[in-house]
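After this come two complexes, each holding chain A, first together with chain B and then together with chain C.
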Partner chain A sequence: MGNLYYNKTAQWAVYVVFFAALGVVPLMVSDSFLLNQFATYGVYGMLALSLSLCWGFGGILNLGQGIAFGLGAYGMAMTMQMQSQTESNPIPPFMLNNSLESLPMLWQPFQSTTLGLILAVAAPTLFCAVFGGIMFRARVSGPFFAIMTLAMLSAFYTIILDRQAYTGGVNGLTPPGSFQFGDFEIDPYSPAAYWVVFGFLMGATFLTKLITQSSFGLVTQAIRDDAERVRFLGYSVAGYETVIYTISGLIAAVAGCCWVMLVQYVSPAQMDVSFSLSIVIWAAIGGRHSLLGSILGAFIIQGAQSYLGDTFLATWLLILGGFFIVVVRFLPNGLASLVEKAFGLFERRDPTSSPAPDGGRPLPAE
Partner chain B sequence: MDLSSLLNALILGVSIASIWLIAALGLTIIYGTAGVINMAHGELIMLGAYSSYMLQFHLGLPYLLCLPASFVIVALVGLALERGLIRYLYNRPLDTLLATYGVSLVLMQGVRLIFGSDPKYLAVPEIFQSNVMLGSVSLSAFRIVVVAVTALLVIGLWLLFYKTRYGVQVRAVMQNKEMAASFGINAGRIYMLTFALGAGLAGVAGALFGVLAIVLPTMGASYVVQAFLMVVVGGGSLAGSVVASGVTGELQSVFAFFTNDTFARFIIFVLIVIFLRFRPQGLFAQAGARR
Partner chain C sequence: MSGLLEIRNLSKSFDATKVINDFSMEVVEGTICCLVGPNGAGKTTTMDLITGRIKPTSGKVFFANDDITAKHEHLIARAGIGRKFQVPAVLRDMSVQQNLEVAFSRQTNPFRNLFKFRKAGLKDKLDEVATLAGLTGRLKERAGILSHGETQWLEIGMVLMQEPRLLLMDEPIAGMTEGEAEKTAQIFKDLRKSATLLVVEHDMGFVREIADVVVVMHMGSLLAQGTIQQIEADRRVRDVYLGEQEAA
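== the complex of A and B ==
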C-alpha cells in the first residue's frame, strides 16, 4: 500500500491536469494544419483507450478494433457524402461511374444526417454486441478470440474492397465538403473540430475510468486474471465480456466518425490488419493496464512517426518493431509500469502498515 | 452451369488447397507443439522467397535446389529467433503473438532496406512454365509442382512425427510437458527444433510462392491470416490442417466459380467464423491439449 500510483484521488487529479493541458492547445497553436494533426492524435488516443479497456481491463485481445473504427468511419463518410448531394444530383459520382442508376438501399438512411450519425455509431456497436455475444458464449477466448477478430476484420476488408459500387472499393470515400451539423459547419482545420474530438476523448476517458473503478470493472478485471474462478463464483463471464467488448467497440466507432470528420476520407486501409495491429502496439507500449498510458502511447508513437518518420523514413518501422519487441520482452505492462515502479521507490514502508498519508509530495500519478 | 465446369472448379480447388496448406504447415507445427502464435510466419515465407532469389541470382543455383536451400536458411533464422526471443515467452501466449508481430515488422523493413521495394522474380525451368491439360482444365505445370511438394512435405512430416524418436518426443511434450521432462526429454530442445522446422517449412513455401506471385517485402502479410485460419480450423494438428485446407480450397474454388474470387474469400472467412462458433477447438483437437 501507499504507492501513489494506485491512489484514486491522485489519478483523477492527473486526468484533470492532462485534459486541461490538452484543452488549451488550440489557444497556443495557430497553425491550422498542425491543429488538425493534433486532433487526429486525439482520435488515435481514443482508439488506444478503447483497446486498453477491452484488453487491459477485460483481458480480451482484440486484433480487429479496425472493424468498429472502420464501420463508424464508413458510416460517417456516407453521411457526409450524402450532405453534399443535392436534389438534382442525388447519387454520389463514384456510383455513377460504377453504373448504378439509383441510390442503393444501404445508402438511403444516410440522406438524413441524424439517422446517418446514429447508424454510424449504432451499426458497429451492434456488430460488436452480436459477434462478441456469439463468440464469448461459445467460450472462445485468449489467442483464439484474437484470431477470430482477425478473420472478421479480413472479411470486412474483403467485402468492402469487392463491393465497389457501394463502398468506393479500394479508393474509398472522399466526401467533398466538411461535416455540417444542423446550421454549423465543422471545418476540420478549425479549433471547433479539435474541441469536438477533445470532448469525445475526454468523455470516453472519464466514462472508461468510471467503468474500471465500478464493481462491474472489478469483475471484468477478475475475469482477465482468471475467467474460470469468476465463472465458479456464479458470474456470467460471457455477459461481462460481451458488454466490455461492446463498449470498447462503441468508443472505436465514435473515433471512426471523428476521424472522417477530420480527414474527410476513408478507405479499406483503415480496416487493414496492420492498422488494427498498430492500435495494439500503442496500447502495449503505453501500458495496457493504464488508460492514460495507452492514450500517451498512441500520442508518442504517432507523434514520433510524424516527426522522426521524415528523418528516418527507411528505418522507422525497424525502430518501431525493435522497440516493440523490447517492450513486450522486458516491460510487458508497457511504459506506464515504469512510472508505477518509480513511485514504488517512494513508497513508505510503515511497519504498522496503516494507509500512508500523502507525504506532501506533489508528484503526478500515472 | 454444366458438370464439366464444376469439375474444373474442383480440380482448381486442389491447387488452391495446396497453397493454403503449404502456407499453414509450418504454423501448424509451431502452434501445435509449442502453442506459439507466430505472427512473423508470413515474413518467414517472404524470407524464403528472397533466399531463393539470392541463391538463384548470385550463385546461379538451379531452382529445384533452391527449395531445400531456402528450407535450411529460413530454419536457421527461425532457430535464431527462438533462441533469442521466443523461448522467454513460452508461458505468455498472447505476448508471443505481439513480439512476433514486432519481429515481422523488423524483417519486412530490413528486407526492404537491403533489397528495395521493387519486385523480384524467380526463374523456373522450362518444363514448369508450360500448361498441362487435366481433363478439360488447363493448369500451369508449376501448380502441379506445388501440389506435389505439398504432398511430399505432408508425408515427410507424418513420417517424422509418427515414425521417429524425435516425433515421439514431440508428441510427448505436446501432451504433457512436465511428464515428458520427467522421462528425460529436453522440452526446450524439442521446442527449439520444432520452431526451426516450422520456419524452414515457411521457407519452402516462400520459394514456391515466389514463382506463383512476385517477390516483394510485403508479400508475407497476405498469407499469414489465412494460414492462421487453417491452423485454428484444423485444431493445430497436421491432419486437421490438411483437411481444413482441402475443404477450404475446394469451397473457395466452387464459390469463386459462382461469384468472383474476392467475394469467395469473404464467404470463406464468414463460414470459418461460424464454424468456430460451434467447434472452437477445431476439427481435430489435440489429445490432452492444454490450451
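== the complex of A and C ==
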C-alpha cells in the first residue's frame, strides 16, 4: 500500500478536512477583529501556497514574490480609493497635496471597479509572464534567477516610494471606505470578507493541486530533476518555467487584492525585501514541497508573531531566525516532512507492504 | 534519394581547437548507420551539433529536407529526433514509469497539458516499451537506484516512447551483458521498419551485426564510408582505428 503520505486519495481527504475546519471558523468566532485577523492569515497562506508551487514544486526560487502581491495590492487599493471619489471630489487627497490638478492617466481605468479589479490581477500576471519569459528564455536559473527577482523587487520598491504623486509614496494608500462590489459592501470585519478569502484560498489550493498532478506537473517535476535532459524530449523548458512562475504570480496578485480588502491599506512595506523573504520562510518552515505544509507554515509563523511578537518585541526576529535555522538544519523539507516520516515508520511496520513501493520520492506536493 | 539526415561541411571549434572539421555525411531513411572512430574523434560532438546542444562554427544540418542547424533543442526533438546520451541521462529522482511517461511527448504545449490527466495511447505504449526494455517489474522504482545496464535500457525506452523518426544512440550497449547486447541488436533491427537509426558504438561485433552503412570519423573529419566489409578492408581505417581496437 505504500506510504500514506503519497496516497493521492488520502491527500485529497486531508485537503477536504482542512478546508472544512477553516470553514467552521466564522461560526465559532464572534470577535470580528479576530475573524479579520484569521482572514489575513488566509491571505498569507495563499502567498505561501504560490511560493510552494513556484519553488517547492517548480524548483524556481523566487525572492520577489512581493512584486505580484504588491502590484495586486496597489491595484486593489487604487480601485477602492476611486470608489470613494465623487464628481465634486474627483481626485484622491494625497494627489492634491502633491499639486496634481487632474487624475493621472495611470489612475483613470480604476474609476471603474470592474476594470480596476481586472487590472489589479492582470498587470502583475502580465509582468510575471514577460519578466519570466525573458529570464527563462535566456536560461537564467537557480540563484541567478532568485537574485534577478530580488533586484526587480527593489526596483519596484524604489519607484513606488519615489513617485509620491501617483502612489502616495512612503505613506501608501489608505482607501477610506470598505470595498464595494456591485450593491454589496464587503465589510472587512464581517464573515463575508472571511468567506471571500476562504473561497480564493480553497480555489487556489485545489487548482494548484490539480496542476501538480497533471501532465504539466509531471513535466515540471522532470524539469526540476534535470532541465537539460527534458529539452531533448521536445518540451520547451522556458515555456513551462514561465507558465509556472506566472500562475504563482497570479495567485500572489489575488492574495494582494484580498489583503487590501481586509486591511484597507497598502504601502511600499508590502514590496519590501523582508516581506518577500518572510514568504520564503513560511514555505521553508512548513515544507515547500507540500502545498498544505506551506500554508500551515504561514499560519504558524504569522500566528506566533501576532501573539508572541508583542511579548518578545525586540527578540521576536531572533526567535524566528533561530527557529528557521533549526528547521533548515534538521528538517530541510520543513515540518511537513515530519508527517511524511511518521507515516514512513507506520509503513515499515506494515508487513504486507513491499519495499520502496512508491518509487522512493514521487510527487512531492502533499 | 537524399538522406533523412544530411550533414554538410560541418565544423566546430572550441576556442582554438578544431573538433569537427568540414565533416559531411548522410543517413538514408529506414537504415541503420553506425558512426565509429577512435576516442575523441568527435562522434558525440556531432550528435551535440545535430540535436542543437551546441551550435556549429560553420556548416549545416538538414533533417527531412528542413534546415535544423542551431535550432533550439526542443524544436529539433519535436521535429522527430530522439537521443540517448553517452553517459545515460535519466530523471533520477523520478520513478521508472514517470521517466517513460514524460518521454511520451506527443503533446508538448504547457497550456494543453495543464489540466490533462490521461494521455491517449500512453498505457499501450508504456506496456510495449517496458516489456521491450525488460523494465516491467521495475516501473515503481526510483530511476536513480537502477544499475548501469538498467539505466541504459531505461534511456533507450525513453527514446522509444518519444516515437522519433530518427534515433541517435550514443554507445547504447556499454555496460550491457552479451545477451542484452544481442537483444538490443534485435530491437534496433526491428525499429528499422518504422524509423532510422544513427548509432555510435565501439563494439565492432555489434556494429557488424546491425550496420547497413558504417561511417568512420577521425579527428573530426570523414575517414571512410561504406558497408562493414568495405570498412574492415580499408587500409587507413585499420591504421587509425581497427588496429588499435584489436590491440586493446
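Rule of thumb we're sticking to: the second predicted complex is superposed on the first by the 346 of 366 C-alpha atoms of A that agree within 3 Å, B and C clash if a C-alpha of one lies under 4 Å from a C-alpha of the other, contacts with A are read in each partner's own complex, and residues count from 1 in each chain.
FYI, contacts are C-beta pairs under 8 Å (C-beta built on N, C-alpha and C of every residue); 3 or more make two chains touch, one makes a residue touch a chain.
Computed from a predicted model, the values in this text were never measured in an experiment.
Student: For A:R329 in the superposed arrangement: first (chain B), second (chain C), both or neither?
Tutor: first
Student: Quick check for you: in the superposed arrangement, does A:I211 touch first (chain B), second (chain C), both or neither?
Tutor: In the superposition, A:I211 contacts chain C only.
Student: Touch check for A:P176: first (chain B), second (chain C), both, or neither?
Tutor: Neither partner.
Student: Quick check for you: in the superposed arrangement, does A:Q221 touch first (chain B), second (chain C), both or neither?
Tutor: Only chain C; A:Q221 stays clear of chain B.
Student: Where on chain A is chain C touching in the complex?
Tutor: For this pair, the touching residues of chain A are 210-211, 213-216, 218-219, 221-222, 224-226, 228-237, 239-240, 243, 356-362.
Student: Which residues of chain B touch chain A once you look at their complex with the stated criterion?
Tutor: That would be residues 37, 85, 88-89, 92-95, 97-99, 101-106, 108-110, 112-113, 221, 225, 228-229, 232, 260, 262-263, 265-266, 269-270, 272-273, 276-278, 280, 291 of chain B.
Student: For the complex, which residues does chain C have touching chain A?
Tutor: The contact residues of chain C facing chain A are 51, 53, 72-74, 77-78, 82-83, 85, 89-98, 101-103, 105, 107-108, 110-111, 113-117, 119, 140-142, 144-145, 158, 162.
Student: Quick one: in the complex, what on chain A touches chain B?
Tutor: Touch list, chain A to chain B: 61, 134-135, 138-140, 142-144, 146-148, 150-152, 154-155, 158-159, 161-162, 273-274, 277, 280-281, 284, 314-318, 320-325, 328-329, 332.
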